[in-house]
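Down below is the structure, laid out as structure tokens.
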Amino acid sequence: MPDFLLQTVFNASYAASYMALIAVGLVLIFGVMGVINFAHGELYMAGAYAIVFFYVWSGLPFFVAVALGLVFVGCLGILMELTLFRPLRTNPLGGLIASIGFLLILQTLAVLGFGLRNQNVPPVSQGRITVGGAFLTYERLYVIIATVGLLTALYFFLRKSKFGWALRACAQDREAAALQGISINQTARYAMFIGAALAGVAGAMTAPLVAPSPYMGHSVIVTAFIIIIVGGIGSLEGAVVAAVLYAFVHTFVTTFYDGVIANIVGLLLMLAVLVVKPQGLFGVRERA
Amino acid sequence: MKSASSISLTRRSLLTGAASAALLPLVGMPKASFAQENVVKVGFLAPLTGPVAAWGKPGLDGCKIWADWVNEAGGIEIGGKPYKVELASYDDEDDAGKARTGATQLIRENDVKFIMMLGGNSWPGVEEIAARQGMMVSTLLPSDLTPDTTTLIAPCEVHPIYNVTGVDWLAANHPDLKTAVVCAQDDALGKPSVATYLAAFEAAGITMASPPLFFDPATTDFAPVMTQLLANNPDILCLDTCYADYVQPLCEQAFQQGYKGKIISCTLDFYQRIVERTSKEFMEGVIFQFPDFDDKALNDPRINFKKPNEFFAEYVKRYGATEWSAVSWEYSSILDLWADAAQRAGSVEPADVLVAMKEGGKGKHAFGDARWWGKELFGIDNALVGDWPVVVIRDGKATIAEFRSIPDWWDKNGQLLVKHMTDLGQMWNQRT
Amino acid sequence: MLLEVRNLHVHYNKVAALKGVSLQVPSGGIVTIIGANGAGKSTTLRSISGLTKPSKGEIHFDGQRIDNLPAEKIVARGIAHVPEGRRIFPDLTVEENLRIGAFLRTDKAKIESDIEDIFQRFPRLKERRTQWARTLSGGEQQMVAIGRALMSGPKLLLLDEPSMGLSPVMVQEMARIVSDIAERGVPVVLVEQNAGLALKLASYAYVLEIGTVAVEGKASDLQTNDHVRRAYLGA
Amino acid sequence: MPEKTSIGGAGLIGILILAVVLIAVPHLVSFSQQELLVLLTINVLVVVSYRLQTLTGEWSLAHVVMMGAGAYGSALFAKSFGFPVPLAMIAGAITAGLIATLLSFPLFRMKGFYFLIGSFAAGEILRLIWKRFTDPFGGPKGIQRIPGFPEIDLGFIHIDFYDPANYYYLVLVVVLVSLWVLYRVEKSRIGLTFHAIHWQDKLSESVGVDAFRYRMLAFVIASFFAGLAGALYAHYLSTVNPNQFDVNTMVYVLIWTIVGGTSRWYGPILGVVALTIVDEVILRSIGVDQVRPLLYGLILILAILFLPNGLESLVIKARDALRGRGGANVPNGEAVARK
């Protein structure tokens, strides 16, 4: 039984990691751009397909492929910013619709370029660490390490660098940020690159574990929304905490009951948070 | 009513032509075929886009090969005249409303004589149109059958009944295995399949180590599912009719969590990848139900599927190996059956073909002669069952171990299947 | 003249907010804009700093036209704007708020000395330098907002309602801070509802009424102007 | 914002033409397009009722689930309790309204983006319940063989509502009456209060308007008509299942509404009609099934980039041009982008 529990903790840590990457990216984009990026799940999918292209087809080393995937998906984010979100900056619902259009395009491109069926990514490593009777494969461990590393880097970037402050300032008050000489366009570009790249890394790192398919984004976007609501929409720390909370609750309920109940519990958790603290665990009350 | 509708039909089609010319210049009306030869059209109504497209699109691709081959050979001969076969497809997006629109278009505008569907979510939208128009429709999901659906047939994959053959074979060849666990996604495909496996295990004297585990179709991480499944150290791990996206991670998880027992599954798409991601040793002896079509055992004379090895080669050549799946051949095998019946009937009219097809209660299923069956389960004998292959992974390659008879199993253990189907609410008269 | 606004028109949603405002700010001292709620005071400042695009009219700063520039470029020219409601960044620390004011500057050593200078002027902020700005009191937040604006090293400071919502003691403190800024050589445009205070501080004043300049003149003259006394000084 | 309510001569002619078109249209299109027409007309009610809900400034993602509540309710009333279908439809719509009333209490504690996602969660829970509880909801397969609208047989006239043309007229009548009711609601004091709540949240509360009650009222009315649309849908297709009311469908409703525009009552109608014709008729006829979603996505993006205020802004511009006014009276982005 202790092994069983520990195994579940390992499982939950992995789930928390990649969900945190996705959710933090989504929060960052929402914070700075003020847009609900419905295509965020498809950016995650694009990251996974970057691995298919760079690692499986082109034969590059896995981590090089992940880095290329990061850049590629980050650039997709910049593309979205330039072509969709910038012209629609005063129109958040328009941005939402545009992101749905982008989502459909990405999905179809994946089908046309790679086929309908899910793709195979050969294992990166067959190794694993064992603790008692529980174990953690290296592939999952890499995801956890990448998440911790990237989020730490992001933390220092946001707290210690001028551009980090600019990003946070923009997310908190776009107009006041402009009054400090911060270019909204430039900041938006940073935010879209980072936010998209985080989703892309999540897709790239998990690609060997999930077998990429064109519609894989759908299953994560809903979870990501739940997480950022529980955490409080404007809060990056909240997103991380909520991802961990949600992943543990979901994994434990799935292990001890079943997945549908786990989903209902997840949704109820979110509703409860909203009713008790409508601005989320870490959120600031929405400014009028 | 009849005469009135035929009058209005001509007037309406005139108006339709005028309107489409005037209002919708971009909209192509179904092309009328003025070719010299006779043409018979067959409809393909299944999801071609969206998450369920993997259950439709590869089938349409397979049917194109089938039609090309038949037409290159001069078409099918009906009543002494050669007919070319044309496919008309409509993307139903796995939605009842779109399927209804599509069925109307295929029947009343494209004039098809037979419609192949995936079934499931889309079928209820088509049911009444098919009944009123007397259109013969095939489904891959026999759970669509009811006593009222007289023109609906399940002539190829009588999912999930054939799963009994795998368990039967396993019990005969590995009598030492005593306990099993089963998991499936919680949906219309998973549930009846679980009932079938439960019945088959019970018939084989294998007990369940824990109750069946249903997981949400949106599951992305299968580690917790597997952790729970393996908690009671079962001898047999049954993956039921899990979708391909689930079977692979489930097998990997079983491998990683140190499972040493037997695995049995309904499908094992892309098993080469799973072998690659686990090990040949781990996957040795895994049992499932869908052979590779380059398997030499399919050249056996009793197999009715035409040129299976060549078909597989052509499919891979045209669309790539990764697009091949069970549905790639299933719709084509239905076309075989249909063409054979039409030739015997000397007519392409749905009613005639259906009579010819069901004549004597026997039919030529892809895997051999079979009988029309299903009254006890579906309320109607419109499912074609016979032998079904038991496929075993040997040295990293799927090989047909044996063709086993579904009817034989049913004659001995039918009441068990009915019991478990009833328990899970899967009998036709339990469905709402 | 440091700043010249000529015949400025602004529309929100087809509703005119400014209907031809003209004003001039010399390169020293305090100019105030007073007027009732909705008269267009804040809109005038927002147009100068580029937050609101005028539909007609020109704004010249330091001899160059700036009304077609985006806000972040106008900051670079040397106009710092402390907006209405302070608009500090609540989830940045006090020090981060101040440093972000120097976003466009690259002279690291001078930035450090300016920070120290701000902390000397506002010792309370120094005590709270690592606190989240949202935890500060209203007066302290106003100090952060002003300090943040000064950190850009401005040639002109636009102040929108610095006394709003503050205690009487704090209002006096604010008045001292504003005159101090002007005395140190940064000209100030002060928008105030507290007309009495504003006229005491400023050397020149404009009175805005429904989008136009109703009265202008030396602050000392306006203090005795009948209309101004009746409408704004509660006499 | 309030529009002219009196109808001039030109308006009368317009209405007459519209009436003729609406009556004639099923006879001008192909058989499969008749089927589309029925679904489209039902969707018109879905989007117009949705717009009413958004008048208060809150965007719900539960609207399609409310439609589902009407569909499931009506199906169960007719099938399990033997209600006559017309009665079952109304009962289904009322069910949707009641569920909306209950959901209002947790939901309207939230605003803006929180409400958006909160409503999604509430709807999703309802949908998962249909999926999870096979009795009475039928589980993932849903409910089938729902009785159709009863035939009318008066001897000399026989109307079979399975025929899409006939069902279209039935739907048309129901939808037109509903649109009229929704229009009257919007123009009434209640509707003006909805607008007021949206534009001047704080102010309305300060002058004594109970914003919660009006938000709830808008949500309940919208849900009632969504439920009615769901009932029309269920008895036409004779089947309902949880997938039909999932977030994908909701996304389409959102797309139709926003691409059409929401500042006028007819905006969403333009959206749903134009996009349905584009997707179901034009894109399908090109014969590029696999690329269809891509083209649709592209069209969405172009539509929102070049007509940020929706298709309705074209109508407004055209009308202003006809009236000889120079400047187009197009509301700015905020009207569409009400947060």
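All chains are identified by letter, namely A, B, C and D, in their written order; residue positions are counted from 1 within each chain.
As a convention for this text, a contact is a pair of C-beta atoms (placed from the backbone, for glycine too) under 8 Å apart; a residue touches a chain by one contact, two chains touch by 3 or more.
The shown structure was predicted, so the numbers you read here are calculated from the model rather than taken from an experiment.
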Of B-D and A-C, the pair joined by more C-beta contact pairs is B-D
Relative to chain B, largest Cα-centroid distance belongs to chain C
Taking each chain's centre as the mean of its CA atoms, chain B sits from chain D at a distance in Å of 36
Distance in whole angstrom between the CA centres of chain C and chain D is 49
Per the C-alpha means, the centres of chain B and chain C lie apart by a whole-Å value of 74
Whole-Å distance, C-alpha centre of chain A to that of chain C, is 41
Residue numbers in chain C touching two or more further chains are none
Flagged in chain A as touching 2+ other chains are 108, 111, 222, 260, 263
Check: chain D positions touching at least 2 other chains come out as 131-132, 290, 293, 332, 334
Note: in the complex, chain D contacts chain A through residues 59, 106, 109-114, 116-118, 120-122, 124-125, 128-129, 131-132, 201-202, 247, 251, 254-255, 258-259, 290-291, 293-294, 296-301, 304-305, 308, 332-334, 336-339
So, in the complex, the side of chain D touching chain B is made of residues 27-32, 34-36, 39, 79, 131-132, 134-145, 148, 158, 162, 164, 233, 237-239, 241, 243-244, 280-282, 284-287, 289-290, 292-293
Per the touch rule, the chain C residues reaching chain A in their complex are 49-51, 70-72, 75-76, 80-81, 83, 87-92, 96, 99-101, 103-104, 134, 148, 152
So, in the complex, the side of chain B touching chain D is made of residues 1, 12, 15-16, 19-20, 23-24, 26-29, 48-50, 57, 89, 91, 94-97, 100-102, 104-105, 108-109, 120-121, 124-125, 127-128, 132, 143, 148, 186-188, 191, 425, 431-432
Residue positions on chain A within touch of chain C in the complex are 162, 165-166, 168-169, 172-173, 175-184, 234, 284
